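For clarity, chains are labelled A, B, C and D in written order, and residue numbers in each chain start from 1.
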Amino acid sequence: MNLEAADRIKLLVLDVDGVLTDGRLWFGADGEALKVFHVRDGAGIKALQSAGVAVAIISGRESPAVARRAAELGIRHVRQGAQDKAAALGALLRDTGVPATLTACVGDDTPDLAIMALVALPIAVADAHPSVLAAAHHVTRLGGGAGAVREICDLLIEART
Amino acid sequence: MNLEAADRIKLLVLDVDGVLTDGRLWFGADGEALKVFHVRDGAGIKALQSAGVAVAIISGRESPAVARRAAELGIRHVRQGAQDKAAALGALLRDTGVPATLTACVGDDTPDLAIMALVALPIAVADAHPSVLAAAHHVTRLGGGAGAVREICDLLIEART
Amino acid sequence: MNLEAADRIKLLVLDVDGVLTDGRLWFGADGEALKVFHVRDGAGIKALQSAGVAVAIISGRESPAVARRAAELGIRHVRQGAQDKAAALGALLRDTGVPATLTACVGDDTPDLAIMALVALPIAVADAHPSVLAAAHHVTRLGGGAGAVREICDLLIEART
Amino acid sequence: MNLEAADRIKLLVLDVDGVLTDGRLWFGADGEALKVFHVRDGAGIKALQSAGVAVAIISGRESPAVARRAAELGIRHVRQGAQDKAAALGALLRDTGVPATLTACVGDDTPDLAIMALVALPIAVADAHPSVLAAAHHVTRLGGGAGAVREICDLLIEART
């Protein structure tokens, strides 16, 4: 565990499926129908933003439910359908003006490794893929969609005080 | 664990997300679509009301599913969309005529702390946020949405006999 | 554990919520919207019927999803909205011509106790209410909605051979 | 555990309910309404196909959600509503031109035993029925719908390198 960058973080980048959700995809006859978020993650994201840390979403999939949840939480930087997550991160850092050295990200699977290699504080959820667990500087106690993001928000807020 | 107030409780105040549910928020394209309650919590709530204890709901979110479930269980005091939970509790105590010294509440997260500090018996679900676990006089064995509320109903009924 | 009646059972009576499901109630804006069954329970129910044991459902709630699932599994005796479960069992025994001494039932909560007291083999799911666990002659290893009913079907089939 | 065939596998045959899902069947008023897949299984299936192993689905049930998810993942061989799974496997092997000696399959319940007996590498998910666990040459660490398929994809890719 290496959390030395935690007190400087100005931007937290979140994956959706497997991080803000438990990785389950709810399909109906017309494709993906629901996304299942966690209420305690939302309270943490709002508290973290109030503490002066920006929160952003980069997701490989695309879903109106993500846009709705992000709007509810005041997350303005939402990049869905990102085939190239490293490129999406680059654009995000330009938009926000926050350097990678002040950025943390949370991932659960191999597509997140490209982002995790670029930021100061790469974090894995407890139930992440083994390759992501190995690449992370910190692993949460809780699983994706079960409060892992809240855990990280609390940790970043505490590190700043 | 401090349950000395249990035998005097006349009012049980419940949070919704994370207490009557497991904290998961089911989002569709139009926002929150479903709430997931537990059948055994419902049986406990009905039994507790029959035993002479009033049950009320105070929730920061707002959902027609909560109104439906509350109606089914005969819960008349339902305050949704409560931004200030302490104020909602004050209004509830005035409406019911029950003093805070005869009131228990169940919470899972930091917005519930304002209520928990005011009542005689503050309770946390097993999977509550650490700050809520620390503030509670009692912690349930089961998690929110998985029978935690039933556990409390049984406990309050037993304390009265 | 007391399974001496298992080899004579001619009728298995199942509760729905908490037995064929994990007890979660999925509410939308118009009330209950979904029931979640387990595929392996279904395979067990079909195998048990093929082995000559009738299967019936007695539920206190009422849901078209239950009727659909029962039809799919060939369960003809379905009594939903049963406020008085003992009365529903009496009517079921008359309809099927099977005596209570050749009947097993599976329950998870206090409303099932009235049925459990009447049949030869009362069974509780692993996560049943404490009062139901205490009243059961057998407790499954798996929880309701997670394969508990399959476990019982396998056990009854094996006992007959 | 017997994985000696893993490096030769050219075709992976997957069951749906209990393997690509956790076995739960989501019923609404009109019958089955949703299937719940796992995002990390999907990433594994795509990686396995890129590594030159074909992936196919044989399911006893029938659902448009399965067709949608299969299309998203580029799975061309999908046989739903297969009452006779061994016959469905025979047709699949003819269509793909892959012999059973180069085929793996993943199952969770007794209807899968007919397929498992025919292929070189029969695999069970962690929470499979006891008869399937007994028949498997390999049992996954994770349960169906919770990443079991990803585990197998990783294993087959690793075995080829």
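One rule holds in what follows: a residue touches a chain if its C-beta (ideal position, glycine included) is under 8 Å from a C-beta of that chain, and two chains touch if they have at least 3 such contacts.
In this text the structure is predicted, and so the values were computed from the model without any measurement.
Between subunit A and subunit C, the least number of touch steps comes to 2. Of all residue numbers that take part in the contact between subunit A and subunit D, under half occur on both sides, making this a different-residue interface.
The greatest centre-to-centre distance from subunit B, using averaged C-alpha positions, is reached by D.
Averaged Cα coordinates give subunit B a centre that lies 43 Å from the centre of subunit D. Centroids built from CA atoms put subunit C at 30 Å from subunit B.
Subunit B has residues 33-34 in contact with two or more other chains.
Arrangement of the chains shown, judged by which pairs touch: one closed cycle in which each chain has exactly two touching partners. Pairs of chains that satisfy the touch definition comprise A-B, A-D, B-C, C-D. Those residues of subunit B whose C-beta lies close enough to touch subunit A in the complex are 17-18, 23-31, 33-34, 61, 108-111, 127, 129. Taken in their complex, subunit A has these residues touching subunit B: 33-40, 42-43, 47, 64-66, 68-69, 72, 145, 147, 150.
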